[in-house]
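What follows is a pair of complexes built around chain A, which joins chain B in one and chain C in the other.
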Partner chain A sequence: MPASLTATRHPTSRRPIPLLPFAILAAIALPYAANAYALGFATTIVITAIGVVGFNVLTGWTGLVSLGYAGFFAVGAYTQGVLATRYGWPLLATLPAAAIVAALVSVLVGAPSLRLRGLYLAITTLAFSAIISHVILLAKPLTGGSRGFSVARPSVLGIPLRSDAAIFWLCAASLIFAVWLASNILRSYLGRAFFAVRDAETAARVLGVDVIRAKLLAFALSSAITGFAGALFALNQRYLNVENFELLLSIEAVSILIVGGVGSIPGVIAGTVFMVLLPECARLAFNAIGGSLADLAGAQEIRGVMYGLVIILFLRFAPGGLIDFWHSGRAWLRRWPCTG
Partner chain B sequence: MQFLADLIVSGLAAGAVYGLFGMAYAAIYKATGVVNFAQGEVAMLIVYLTAAVFLRVPLPFWSALLIAPLIGIATGLVLDRLVIRPMVGRPAFAIVMVTIGLAVMLRALIVLVWGSELREFPARAGEAVLTFSGVGLYPVQILAFVVLAIAIAAAWALLRFSRMGLAMRATAIDERTATLMGIDVRRVAAIAWAASAGVSALAGVLFASTTFVGPDLFQAGLKAFPATIVGGLDSVIGSAIGGLILGVVENLTGGYGDTALKEISGFIAIVAVLMIRPTGLFGARDVERL
Partner chain C sequence: MRRLPLIALALSLAAAANAQGVTDTEIKIGGSTALTGPGALVGIAHDLGEKIATAEINAAGGINGRKVVRVFEDDGYVPARTVTTVRKLLDVDKVLAITASSGTASTLAALPMMEEQGVPALQTAAPNTVMFSPMHKTLFVVGRAYGPGTTDFVKFLAARKPGAKFLTIVQDDDYGDDVQAGYEKAIADLKLSTVGVLRYKRGQKDFAAEVLKAKQLGATIIVSGGIIAENVTIAKEARRVGLEAEIAMLWSGRLPQTIDLMGEAGNGIIAADYVGDFDEGPGKALFEKARAYLTPEELTKLNRYSLTGYVGARLLFDAIGRCGRDVTRACVVAKLETTTNLDMAGLTSPISFTPDSRISDLKLRYTILDWSKKAWVPIN
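On to the complex of A and B.
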């Protein structure tokens, strides 16, 4: 059973990213151009995109479904929060620490569950998320229990990270780094092993791929990037509470992957923009229509309905995701006017 | 000793509800190879619909055990037709994702329609405690045992003797060959969804009548999930027994350990079972060919 949704093929050759210089320029310019509200959204999009780039390594490339995204995001966020606030670690130590702790935890969860095929990882990671919330609630001296605690914003190389613009730049640089890291790994032996495991596990084993090792590495790498995103979330949010890390967050990651196109990094970015802005656009639209819909506009439930609806509709009608529209649109343009 | 007996018996009663949920999971998995992550939400929807009926028509509690499964079967058929059938032939991964989408959507829709406050289930089963050699039980707890026993017997008989049961078992073994033998696989899936929703309706009503009707009722389905892993995802009757085991394990950790541990003991049990016997206690080992 090929676990993949779409036939995203492994990129065999190195292709330059033509948009990269523009992306860097836009990231530098954005805090000067945007107001605080828009900047907040941009930061959320960038942090979410980093997390889902990590999630994509596991679910998109290796074909393993995880419902533990929120758990690893929480591990990263709390590692950052606790080390920076309670122990006063500098940022250059806490960010890698968050990634490493998340990776170590993932090996702990993955070791028993990755020996199994199919959906067992979804089940154990679901269990893991429940267990992590309980651990956070129980570790009151460190995490403040159910009340949560406020997180310090440390300084980098002596430059304090007080402004939201500084946080945005840090996140944007991290996103570029995460994309660079992930796409380089994809082109390595390991990346090919991930795809082989996803598309034909038994065949991969026969050809000499150490399947369990590849799965564990995919899980650890994925969780490290997700944990890193969690640490950035803690920096940006300044206040941590278990309620930030409920199952809905894992569902959001799943929906972003499906909307963007499973297995594609540009798809992850497009999907993140879509899914973060969708509830906001719906809120504005409901307010504009007014009446009883305006009362619904602020409701948290609208998000749930939308995530669910988007997942179901995209899987039904556009299983290739947004990135597929992009590809077919480009192909159409290339053939134009001889399209028929 | 009395404490231990109390814990075990009330654990079995809670486990009977988990067992019903476990059967619901296993029915869909067995017929379609899909874990239905929306099981708890489907049960919650059925409980709300049943409660809506009982608010308008005052009926005795036992009739809920007949009405809820009927509403459940209808709900299951509708959900299958709207959400699952269009996905036939797609990878299991995609269908599982659809059930996850269905889960969050139902959860949110129920709050939007009925609000988020907790209510009592309109009909009560009675509060008189019945005592059997020193161990006290509520009528609902005894009902749960009876319902589970009937469900197990019915599932066994249907799978073993009926034509439909044979078709289901054939589909579970090899969907493509079953199709070639003239089995309508889509109908098998529809019946599995209907049966699963019917059984989870029983579980939902029994659970809601001991707690509340509220928007976090779906948690019951999630908590019962370890039952089907312990028993074996592809074994309907094994999952029922897994539920009983889970109920006792939970109650013993709650009684001798602490309550926080009780909440997650089921999930710890999942990890333990997967390490020792990945297919569950009663599951079949599957072999994949290249």
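On to the complex of A and C.
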């Protein structure tokens, strides 16, 4: 396992960036300025960011390397889909339910995994994702099996969430909430306990940290946020199929953490924007260059190649991720013009 | 000068009559399928079939004087990506119609978006019952549905080999469900002898257990309900264990590439399909024509999915053509649903739809694999 996944600085050592007002204004304005395709991309970025903010709690802060992201994401998505479509639950009930069900499932996985670390935990959580896929296929009356099913877009307080703009605003508001929640956890006793468990489990125990409780809470919190993101994914996609929750989704989450900067919330956001836009930017660049590269422009395989390449490059040359560039840039500007 | 506003008004009204993706000089259509990854064998072939049809119609002056422009996206056969690519086709490329959206799950994933915008859409690669039952107003399925197709096929096999003991091996998904339903209907209709229905997990690579079970049960005809790799593995495994049963498969396994993959084990396999081949009859004529439009490398990638792609594109062009100069999505849908016995020059049986039906239900033809010729030979 790369060192950067288990040894990063405590993110509270940096002052938060006051970007919230700008982010809110941008989120409000975007649907008016962007076409549906761009808005679709923005919604994907926001949903992915929420999911990885949750994943960061478990892997970035607590040092428990998980490949179960796709499984928890799927649990949230199917909870939303089933409750809204089959039982007609309102959105204000389905979204919390998706988070709660994902958290409960994570405790079931987390409890037997408490003694596992590193590769062993990664394999256990990977197996969990595979089990979830099989459960989805078997629970045909609820999930539609391999065929999947269409997800109803519900109303909020009588206002139907039909437009893509409405879904985007809901997702953007959820991201702000998820970041606020994660930032507060980070500054709490629990956040410090997570870091203590990650950096020196025995020392944490000696200092009075309840390691088992901390690990289980990390599992539950992480999965609740990831499950919530899954619920938003179901609302946005409007159709659920087990093929949407394959291993690549978990690998994508790990990539975003590495590229953004393990443990950092702004890093997660930056990493998500970078990784989601990378294939699209490459497509535009290939098209602009033309020739045989233009033929590659739409190739989905290129996406996988680029993910791999970016991970290798970041691990080799910038293990601190994009957030380190930001900090270095700010430090350089602060010293300027007295820089050497 | 006084007439200028009137002329401008007339021009703007004329422009407004045309739908998104239609200008005075061109009509833009789009498709999304797997151009990379395991599904590329199907996706690339489909793309090339459409490419031939488009080049052909443009060479003949286009549709009512408008050239056809195609935009094709790769979704890697992943439903979530199909949603993104179809969204791009509709909102960025602003296409009039969608000619492909990968497989069943991908099409169903993109369907709400296409239905909301009233986009005429075709599905020619995966004629699954869920695509047209219940009916979706704007989605037209070209082919023979897996279920009824399997029923026809089993009845044909029974007539050819009376007293046969049937067995089917099907995938545990919607495709397998469709095949199994069709198989069981034929068995019930003709009171045939069936020794079993074996289901396998999607993605399974080893079929030794299923083939041995078939041998143990004494099956004499195995209806292989795999897709591409599964059919190849089942055929090879059957020959390896000395199973003498006749192996039959639906069109998804009937590709030139699978002949090489199966090797001699494929000799004598019977297949059903609703399109012909590129090496005989109308398919051969089309292949000769395609030489003008495709590169030598592209010609090697043609298979039955090129024919379904070609046929689908021609169907759409016919409907657009019948709209005259005022092409709108609603008009194209209306013309598609009133298509009656559209002649496909022998590549398929004539295509028809009705306002109440969105499946063209093409007639099946049967072929047997002749390994010595490396070709599918028609069975009379």
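Keep this in mind: the second predicted complex is superposed on the first by the 321 of 340 C-alpha atoms of A that agree within 3 Å, B and C clash if a C-alpha of one lies under 4 Å from a C-alpha of the other, contacts with A are read in each partner's own complex, and residues count from 1 in each chain.
Methods note: contacts are C-beta pairs under 8 Å (C-beta built on N, C-alpha and C of every residue); 3 or more make two chains touch, one makes a residue touch a chain.
From a predicted model like this one, the values you see are computed outputs, not experimental measurements.
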_Partner chain in contact with A:V254 - chain B first, chain C second, else both or neither_ = first
*Determine, under the contact definition given at the top, whether A:R316 touches first (chain B), second (chain C), both, or neither.*
first
*First (chain B), second (chain C), both or neither touched by A:P112*: first
*Of the two partner chains, chain B (first) and chain C (second), which one does A:G308 touch, if any: first, second, both, or neither?*
first
*When the two structures are overlaid on chain A, which partner does A:P90 contact: first (chain B), second (chain C), both, or neither?*
neither
*Look at the residues of chain A and decide whether chain B or chain C touches more of them.*
B
*First (chain B), second (chain C), both or neither: which does A:G148 touch?*
second
*Should A:Q237 be classified as contacting the first partner (chain B), the second (chain C), both, or neither?*
second
_Looking at A:A36, would you say it contacts chain B, chain C, both, or neither? Reply first, second, both or neither._
second
*For A:V65, decide between first (touching chain B), second (touching chain C), both and neither.*
first
*Contact residues of chain A, present in both the chain B and the chain C interface*: 137, 299, 301-303
*Residues on chain A engaged by chain B in the complex (per definition of touch)*: 1-5, 63, 65, 67, 112-113, 115-120, 122-124, 126-128, 130-131, 134, 137-138, 202-203, 206, 248, 251, 254-255, 258, 296, 299, 301-305, 307-312, 315-316, 319
*asked:* Give the list of chain A residues in touch with chain C in this complex.
replied: 35-37, 40-41, 44, 137, 145-148, 150, 237-239, 241, 243-244, 246, 298-303
*Once bound in the complex, which stretches of chain C touch chain A?*
34-37, 72-76, 78-81, 83-84, 87-88, 90-92, 104-105, 108-109, 111-113, 130, 172-174, 177, 202
*Once bound in the complex, which stretches of chain B touch chain A?*
35, 37, 83, 86-87, 90-94, 96-98, 100-109, 111-112, 222, 225-226, 229, 260, 263-264, 267-268, 270-271, 274-275, 278, 288, 290
